[in-house]
Each structure stands twice: as C-alpha cells, then as structure tokens.
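What follows is a set of structures for review.
You will see two complexes here that share subunit A, one where it goes with subunit B and one where it goes with subunit C.
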Partner chain A sequence: MEPRRLRCATDLTGAVSSCRGAAAIGFCTVLFLTAPRGLAAQETSSCAPCHEKERAQEEKSVHLREGVACTDCHGGDPKEIDKGRAHADRVKKVPHTEVPKLCGGCHADVRRMNPYGLPTDQLSRYQTSRHGEVLAQGDTEVATCTDCHRAHGVLSVKSPDSPVYPRNVPGTCGRCHGDEELMKKRGKKSTAPALYRQSVHAALLFDKGDLSAPTCATCHGNHGAVPPGVRDITHVCGKCHVKEHEVFERSPHFQPTRQGDFKGCVQCHTNHKILKSPADIRKKCGLCHDEDHPGPKRFDAIFARIDRGEAALRRTGERLEELTRAGFHTEDDRVLWEQAKTANRQILPGQHALDLKTVEDLASTAEKTLAEVDRSLEEKEKSKRVRRLALVPIWGFLVVMAGLFWAKRKAVEKRAGSAPSPGDRE
Partner chain B sequence: MNALLRATERWMEERFPVGAVKKFVSDQATKPLPAHTSWFHTFGSLAIFVIVNQIVTGMLLMIYYRPMPDSAFESVRFIMTKASFGWFIRGLHAWGSKFMIVLLLLHIVRTFFMGAYKKPRELTWVVGVCLFGIALTFGFTGYLLPWNQLSYWATTIGTEMAGALPLVGVQFKRLLLGGDAVGGETLSRFYVVHVIVFPWLLVGLTALHVVLMRAQGLATMDRVGEEKKPKGGLPFVPHHLLKEGVVFAIFLGFLITISILWPPELGEKANPFDTPQAIKPEWYWLPTYQLLKYFPKLLGVLICFLPPVVMMLWPFLDRTRERRFRKRPISVAIGILTIMAALVFGLLGHFSETDIALFGKKYHVDHYGVPRTPTETPHP
Partner chain C sequence: MSADAEAPKDEKPAAADRRSFLDLLIRGGLLAGAGAMAAPTVAYLWPARAGGGKTAKVSAGPVKDFPVGSARMVQAEGKPIIVIRAAEDRFRAFSAICTHLGCVVKWDSGSGKIRCPCHAGVFGTDGKQVSGPPPRALSEYEVSIVGGEVVVTL
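Let's turn to the complex of A and B:
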C-alpha cells in the first residue's frame, strides 16, 4: 500500500506543479492578450488618473490609436506616478502660437507620415495661409491646427464626427468667421457662413448629402486657406466647372477679368451665396450695364432660348413616360431623347460665352433630335388613340349582347308565365 | 346528318353511359332555383369566367415568356412591345388576376351573409376557402414572373414572411427560394407552380366546388334542417344563365376597357443590389403585410394565419340554425368587423412610408401608418 500511496503523492505533486505551470502560462497569455498595445498607450493611461477629461476626449483619437502619447506634445515623465516628479520635465499647456510647429514636428516629417500616405506640406501651406500670416504678425487668436482639428480627440477626416468632415466644414469655419465680434475686430464681415448656407453648394451638401459639393475649403484651400484674388476666381470655380471656365474665355467679360476690372464668376453669381437662378443673375447686369445695352438683351434672348429648349425636352419626356407605361416600345426614342437632353445640358455652360449664335447652334442640335423623337412618339400616340377608339365598337357589341340576353331572359320568363324573381329587385 | 349524329350517339352509348350523364346534366340544369336567387348570385360564375380568362391568356403569354433571370424581363418586354396584341393579352391576364380576387371575395361575402355555408354545404365552403387561398398564392407566384424590381423585392418580403413560420420556416423558405435569396431557382419554381401545379389544382377544386353546389342546389333562406325544395322556381338554364350572360358581357367590357386604358407597367429589371424604398406587395396582401409590422416576426405570422384558419372552420364553429342576416347578429358582426379590419390594415399598409397631404398640410406616414409632420433638419 505504501509505495502506491507514495506514487499517488508523487503523482499529485506532479499534477499540482503542472497545474501551476499551466496557470502561469495562462496568466501570462491573458496578460499578453490584454496588455496595451504600446508603450505610448501605457504612458497615456499613466496621465489618465488625473487628466480624466482629456483622456475621455482622446478615446477615439487617431493619435491614441497610433501610439502618440500625451507626453509627445506636453512633455513630462510618464513613468512617474508622483505628480511633482511626473510634471518635473517641463510639462506645459502648449501655447496657441506654437501649435503649428508642434503638429508640424510630426506632420511635416516625411518619414513619419509616409506610412499613412498623408501630405507633409501642411505646415508650409499654413505658414503661407492668411491664418499663418496673421499668426506671424502676433495675432494669438487666429486659427491654428487645433481650432479646426481639435486638440484632443483628433479624428480622421473620413470620420463623420470630425470637424473637418466635408459636411462639418462650414460649421467649423463658421465658428470664427460667423462670429461678429471676432470678425469686427479684424475689420471683416461675418456673413460668409450664413450666405453659404443659402447657396446651391450648401443645398447639394446638406440637402442632397453630396460630400463632393464645395465647402469653404474647396475654394479657399484648407491648410493654405487664403481668399482667392480677383484674377484667380475663374480658375477656382473652373476646378469643378471646367466647361464653364473654358467657354468663359470667349466671353466679352474675360478680358476685364484678366485686367482685374471684373470679378469673374462672382461678379454675377456672388461669392458665398452662389445662386443658380438666371432671374437673380439677370439683376446683376444692371450693376454695370444700362438696360439699353445689348448685353442684358442678349442675356434675355439666350435664356428665353434655353427655357424653350427645356420646356420642349420636358414635354417630350412626359409623352415618352406615358407611352412607356402604356406598353409601347420606346427604348430607341429614349436613347434619342437622352441625346437631346445632353445637347440641351451643354447650352447652360455654353451660354457663358454670351454668344447667341453658340447657344442657337447647341439648341438646334437638341431640337433636331427632339423632333425625331416627337415624330416617332406621334406614331405611337396615334396607335394609342386607335386602341381607345376600339373600345367604342367593343362596348357596342357587348351592350347589344347584354341587351339580347336581357330580352331573351324576359321572353323566357314571360313564356314560363312567371313573375320576375324577387332577386331582380335587389 | 341527323342519321350520322344518331349513329355516333349509339356508338358512344355502347361504350360510355352518355344517357346517364346527359340526364344528370339536364336534371341539374332544370333544377328550380330558390326564389331569392339574385344578381349577387352571379359572382361565383363570374369568377369561373375569370379563371377561364386567366388560363387562355396565360397560355398565350407562355408562348413568348422565358423563365430565366437573364431573359424573363426581356421576354415580357417583348410581349408588351413587339408581339401582336401582347400588351392587351398581358393586360387581360394581370387585371384578370386582380378581378379574380375581388370576385372571389364578393362571392365569399355573399355566401357568408346569406348563411349559405351552413349544413349541408360545409364542404362546399371549405373547398371555396381553399380556392381563395390558391387564388392568393397564384397571384404571389405570378407576381415574380416579370422579373422587375417590384416583383423581385415583393417576393423577397413574401418569402421572408414564410421563413418566419415556426419549426419549418427555414426549410419552407429554402424550398420556395431554391437557395438563400430570390434567384433563377426561385423563378423556375414559381413558374412551374404558377403554370402547372396551381392551374390543375384550381380547375380540379373549382369542378368539385361546382359539382357540390349543383348537387346540393343553391341554399334557401330557410333554417338549417328545415330547408324546403324550391317549387315552381325558375330553372338554372336558361333563366339564370341568361342573367349571367348579361353580367358577363358588362364585366368583359369593363375588363377590356381597363386593360386598354391602364395596361400594367413593367418598370425596371430586377436588381438584387438595389433595394427600392418602401416596396409593397399586391393590394390583397397589404392587410397581412401591415399586420406583421405590429408584432414580433413569429407572433405576427401566427396571428396572420388565424383568420384563414377560422374562416375555413367557420361552418363548424357557427352551429346556429338561422340563415337570415338579421337573425344572427354575432356572426354578422364578426363578419363586418373582419372586413373593416382588413380595410383599415390594407389602407394603413397602402399609405405607410408615403407622403400625404391632409387639409393642406403635408405629413409623412411612418412604417406603422401613423402620419407625422416632417421635421426639418437644420444645416450644421
């Protein structure tokens, strides 16, 4: 019995020791799996017990995710738990004026930014921006990196919560540029954000959710934000409105624009409250021209022509829809109608040359195609009318049949000598 | 000629009891109808006329229809635009399917309120309810065949509903779809069921329904067990048949007019990657569709199964002997409430997820059919 008990004890000891080993490996594994991913994260969490608010703000930050620690910006010793020793190494609140250089420390470093595919010219662009210039002149209230991107909790530009996400840009710029007091101190108007919200661009961005719609940064630039000069305006608008820009070079307004006497696109469309309506634009002609001037008259003639073309296109489109619903083969007509529509759409950018002949040429191309569609639709509508007319003899025949059945029934009842059934009265 | 006919008749008589069949048909045709037989009694035979219309136009459509996902839509478009009178044949078929449901509903309502389902006609009622169920499912299977956006997504919703059945839901859904989503396999299955299985079932059950109805005769308004055989009433042929002839002619004119003036639209080809907004099933599925929104999936499906089950068993649940409308208030009240509920849920389903204008004010009717004032989202 003894050796067996000894063996049992030995087995037990072995089991216990192997259990301990397993527990140790398990513990280490758990530690390994649950350990923060980098030293930086450890450092952040060592600041966290006291700086809870900042830690919460940093929760979703791209910096925290990529291991940028509090001390990378603020200094200090992250390994120290004691407040005095932790702050001994010049812990500071970064002065506003030093923010661009501090951010540029990493963001202008090609080697550091390369893996993220981020541009590294933001600092130099900022320094040439109006914001950067004013900062250099000693204005400590001017926007720096953190005013647009936040100091803590910096998000990717792709994040809808980011202040620089396209939909949020007008609001972000508007915080300062819509602040009457702040702008007044600098001799600026604070109406731009409110005007932008009434523009076609804002309607695209906010109402249609089109994130490619222009925001403040599209025209002014983001890091190198600067108001475009009069001569450059057509180029700024021409980045998106390529055709209009090209045609505008043939306009009588082009030379005055080059000379700086005419404000290019914004002269008619205004800068922030950009409207599409020709009626609103027409009012602007009077600012420079008399009503007797041939320019405004030409404008009227051009838009009358455009309206006529649009109305014809709409009418044919409605006929096409109706015939498609009625089961007619309209695919070939639709292709032609789309061609006419494309030709018609070219008139709007084309009219920027303010040349009636160009507009006439484009409109007549659309009209010819539309006439072809109309001829084809007419044939189909004729066939549709025949279908409807066929209802007359069909109903005639069926009413006669019903009448004959009725008369026969009455005759049968009469022959049978019976009174009409009570059901007839129901 | 007469000699030839007599010889043929004699030849047939030696091989088949033609005389007995002729006598049965003649007896049924001349059987006197009850005195209350009215124009309302023509709904059933009108429904049979529509079934014939569906079969004939369906066969014509099958000549050009191709039940494959890559050609189904194009073949229907071909029928609509190129085949001679294809648009008209499809119109008669599509509108016919809707009218079939309407006529069957009217026939059921007439039978219910006249108490014609009571003993000894319980079986005729049960077969009739089965026919109604088949007609509804017929519409569901036919809806997918044009392979357009509406049909594709309505079928997706319908099969999802079937998938919520307890115990067998997942298997049943797979059986319907032939896979995990609506696709080529689903189209083949629905096509086979629509053009082979259901037509035979419908014709067979209709024949049984008619035989049962003729054998027992039309119900009188007498109490159960006290029914007297109608004496001196007018016979089915020719009196009632002529009455039906009048209704047929007018109904046919109506069907043709609607098919010409409002041919069914084809819409856009099915696109599994583009879910249209607020897709809805055919009008006769709207009450079920809406009712399902108010309950969790399983409970909703069970609740939706309740009305057809109760309807089927109604002759066995309602044991009262009265047939007259005014003498069975509970039964009539239940009938009216059911119709009202179906109308209310149907209307809620129709208007849900749409924008409406009420007293000059715009509302958005939400998922549950509640009109809400649209809230403007301010620009940030």
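Let's turn to the complex of A and C:
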C-alpha cells in the first residue's frame, strides 16, 4: 500500500481533498491559529495557502489592509477548504474588459468611499476617457484600472512604490505609450514618454524632486485621460501657468486659438518636450510667418530687451554680493535689487501678449530701480577704494619703523665697537 | 640704563643729538603701534551703549495709522516684509519674497490677499498659499505692539 503523503505545504486544497480527516483539519487549524494577528480577510481565507504569489503581492496592498478579500473581486467561498467547493462560483480570471466595472463596484460607491475621502467619479471619468472609449469599441488590450494601479498589491498614491506616485507616472504611462509596436497598431506615435523626459517638467520632477511638477496625468487627466483639444490647450497649461494664460488672451494668437487655427501654448512650446529656450521657440515662428513679418521681429526685440535686463540684473547682483562680502551694509540695496528683479521676472510671463510696450514698461521700471542700486553701490565701491589706499600709510609706517630699528642697531653696534673694554679701563 | 647714559664722554655732541632723535622716533612709533593695537581691544571691551542684540526689530508705524484690511511694506536686514492688519487686534508679518521664484509680493486690498505679480501666486492673510505656483507658505515674523507702534521682530 502506498504511504499517505501530506501535500498541504504546497497545495492545501489538494491536500484537503486527498488527505481527508484529522490530518488536514489539524493542519488548517494550525495555519489559522498561527496566522499573525491583525491580518485581514485574505490571509485568514482559504485562498492564501494555495495562491502564494498573489498573497505575497498583496502583502502591502491597501485592499488587504482595509479587509478587501480575494473573493470580493474573484468570487468563490473563502471559508471553504475544499478546492472544488471554494472555487464553485469563482471567476477564474477577471476579464480585462470587466475590470473598470468591477473596481467601480466599490470605487463609485459614495458611501463606501466617503470615509477615505476618495473621489467616486473614476468610473464615469474612465468611461469618457480615450481608454474607456477604445475599450467600448472592443479593444481588449487598452489600459484599464489594473494596468496603472496593478491588479494585486494596489498601493496608495502616496506610496513611492506605487505606479501612480508622481515620479512613477511617466514610467507607468510610458509602458504602453512608449511601446512602438503597441502604438503603431493604433496609429499613434510612441515618442511622448521620451520627449517628456527632455522637458522642463521632467527636469523639475526628476532632477529637483518637485512632486508637484506636471506629469502625463496633470495635462491629460488620470482616470478621464484624453488628449486635450486645440481650444482647450491654453486652459490645460493655464491651470499652472496662470499669469501666462491671462496675458495670452491679449496676444494676437488668442483669436486664432479660439477658432482652432492655432494650437495655443503647444504651437510654440510643443506638447511633450515643452521647449523653453527662446532660441528653440524662435524657430517655431517660421512655421507660420515669413522672416519679414513683424511678429518674428517683435519676438527678437522683446528677447533682446529681456536679455539686456537680465544681464544688468546679474551684474548688479554680483557687485552687491562682492560688497556684502567686503563687509558693507547692503541691506537697503538688496531690497531695491529684489524689486528690480520682481519687475524683470514679470517680463517673461508678460511677453506672451507679444506687446512690446508692456515689455518696455516693465524693463524700464527694472532699469530705473537698478540704476538707483548702482548709484548706491558706486558710493560703497569708492569707499572701498579709499580703504585700500589707507593701507599705503600703514605699510609706510611699518617700513619707517623697520628702518629706525635698523639704524638703532647700527648705532648700538658702533658704540659697542668704539667703547674701551673692561681691561682697558683698568 | 639708556644708551645715552652709556655714551662715551668724548663723543661729539652732534652724534648724541642724532641718537636721541632716533630714540625719540622709535619710542613714538612704538607708542603709535601699541595704541593702534589697543584701540580695538578697548572698543571691544567698552560697554555697548546702543544697538546690538541677536534679533532685529523694525517698526511698521503707529497702530492708529494702520487701518484694518491694509498692509505695509517695511524692510529689515535686506529683507522686504509685508505687515498686514487682518483684524482690529490681529497684525501679521510675512517675508515679502514669494516662495515660487523670489519676486516681491504685494497686498491686494480688493481681495484681501497677498499676490505675486510675477506668476499670479496668491497667499491668504495667514501667509499660506491659496492658488498658483508657490510651493509653500510665506515665512512669518513675530509682531508685537510696543508703545502704540507695530513692531516686527526678525
């Protein structure tokens, strides 16, 4: 007779069905009793011992912590230890197309989400998103909730390990949107993630660690992700760039944007790479205008003025620093310099109206204030020169004193040489 | 005993005069040098009569000239400071340097908010950011009323 083997360690369900009786019951009792206190439904359910991989993935999940059981998504009976009965009405694998509705079962439930302060419009947003639209059209590969949040091991957005943590969002979106083959099948470009990495937004997020820096979701939306329409672009950018948005309404480009003939901000800055350097932006003028057009000329005049102002501000700032280091009181000058800087800083957002007069007004305000600072610094520099001249008499004094000591020494030596020795006196 | 006292008796009077003049110059020089070194020491040890202290204080003017809902700009130690009278008995002072890109903020009496003219950052009367790009609140300074004057302590 073949000896009875207990296979519970690797396959509890199989063990329960094969080794009926006291051995299995005893093992399961031990499992239950030795389970760490505080573990939620999944750990104490009969799923965990067989579905080791999923259990491990769920370890840090917010769902596990809040008592969401495997069966809440997959069905089945968590109290049943017999595999057949436990899996009776189980959905083997939730179909990808059903995921949004399944998650929405809880996440669109206002009462259920209320204590967590979570929004409950994600499902409706998803359904109106480009992802949701494509899903409805039968694309079963399109992203649903689990593609961004994972199926098991869903973490809070505040967790740095979460795929939807701000620093991880570009990578999460880039998994599909940077996949050339996947995007090609849908007639899309796969360059957006790579371009974003070169943008000023990515530099803020990755280099400076600014978690409030825009990611893909900031402009496109997260659950309701859609590419913004041409007319909406200024509103999308204007969420953060408030001043630029306000000023742009006075720009000659505003009306064409409203009519859908000009792509607003992205026409000059591009959408994902977000050009910032005036030289790069200047090249964009040529897409619509001839070089003889007054527009590009105005652009050149504006940026020449800005460059001049910045150079003057920097020069004065350096003089200010030098005099502060030299021990002069420069507090009042510093306040004035800050005011000049404020006027200068207003020019960059202000130039979006492409109005040379506004730029000129701000630049001359900055210049006048800087001139005042420069006058004051000039006085201090004069004083510094006078102080340096004071070293001349001090060094002169030291040289004279050295000369006097030398003469004294010579005189003493001379006297000592001419004086009679003690023997001569006798 | 001085060198003069040791001078031989048969030495010429002109040489003795030169030596005494040389000694005089040396003594004068040493005295001036000692004085130059002693002066800063005495100045350091002399009890301070004004100023000093670790904290700087600046007056924002009399309370009676400060209407509720108004603000004033003052400066101390090279820092622009905005002082607000938010209520009858509530004065608050903040650094007027915007936490976004360092522009000098202004008081907007119409909305009762502090605004940055550069990138439209808005702060409330508590110095906390209300909207726009500023990443954090304005730094706050202590305000006290001393003899009817609004005094900001840095």
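We take it that the second predicted complex is superposed on the first by the 369 of 426 C-alpha atoms of A that agree within 3 Å, B and C clash if a C-alpha of one lies under 4 Å from a C-alpha of the other, contacts with A are read in each partner's own complex, and residues count from 1 in each chain.
The rule we apply is simple: a residue touches a chain if its C-beta (ideal position, glycine included) is under 8 Å from a C-beta of that chain, and two chains touch if they have at least 3 such contacts.
Every value quoted in this text rests on a predicted model; they were computed, and no experiment measured them.
A.B. asks: Would you check which partner chain A:V412 touches, where first means subunit B only, second means subunit C only, and both and neither mean what they say?
C.D. replies: In the superposition, A:V412 contacts both subunit B and subunit C.
A.B. asks: Output check: A:K243 vs subunit B and subunit C. Expected answer is one of first, second, both, neither. What do you get?
C.D. replies: Only subunit C; A:K243 stays clear of subunit B.
A.B. asks: Regarding the shared-chain residue A:Q346, is it in contact with subunit B (first), subunit C (second), both, or neither?
C.D. replies: A:Q346 sits against subunit C, while subunit B stays out of touch.
A.B. asks: Now for A:M401: first (subunit B), second (subunit C), both, or neither, which partner does it touch?
C.D. replies: both
A.B. asks: Could you say whether A:F206 touches subunit B, subunit C, both of them, or neither, answering first, second, both or neither?
C.D. replies: After superposing on A, A:F206 lies in contact with subunit B but is clear of subunit C.
A.B. asks: Have a look at where A:A326 lands relative to subunit B and subunit C in the superposition and call it first, second, both or neither.
C.D. replies: After superposing on A, A:A326 lies in contact with subunit B but is clear of subunit C.
A.B. asks: Tell me which partner A:A279 touches in the superposition: subunit B (first), subunit C (second), both or neither.
C.D. replies: After superposition on chain A, A:A279 lies in contact with neither partner.
A.B. asks: Can you pull the subunit A residues that subunit B and subunit C both touch?
C.D. replies: Shared contact residues on subunit A: 401, 405, 408, 412, 418.
A.B. asks: Please name which positions on subunit C make contact with subunit A in the complex.
C.D. replies: Within the complex, subunit C contacts subunit A at residues 3, 6-8, 18-19, 22-23, 25-26, 29-30, 32-33, 75-80, 97, 101-104, 117-120, 131-133, 135.
A.B. asks: Considering only the defined contacts, which subunit A positions touch subunit C in the complex?
C.D. replies: Going through subunit A, the ones touching subunit C are 210, 212, 240-243, 246, 330-335, 338-339, 341-342, 345-346, 349, 397, 400-401, 404-405, 407-408, 411-412, 415, 418-419.
A.B. asks: Within their complex, state which residues of subunit A touch subunit B.
C.D. replies: Within the complex, subunit A contacts subunit B at residues 167-168, 170-171, 197, 202, 206, 325-329, 387-388, 390-391, 394-395, 398-399, 401-402, 405-406, 408-409, 412-413, 416, 418, 421-424, 426.
A.B. asks: Which subunit B residues qualify as touching subunit A in the complex?
C.D. replies: 33, 35-41, 77, 80-82, 86-87, 90-91, 232-234, 238-239, 242-243, 245-246, 249-250, 252-253, 256-257, 260-261, 263-266, 379-380
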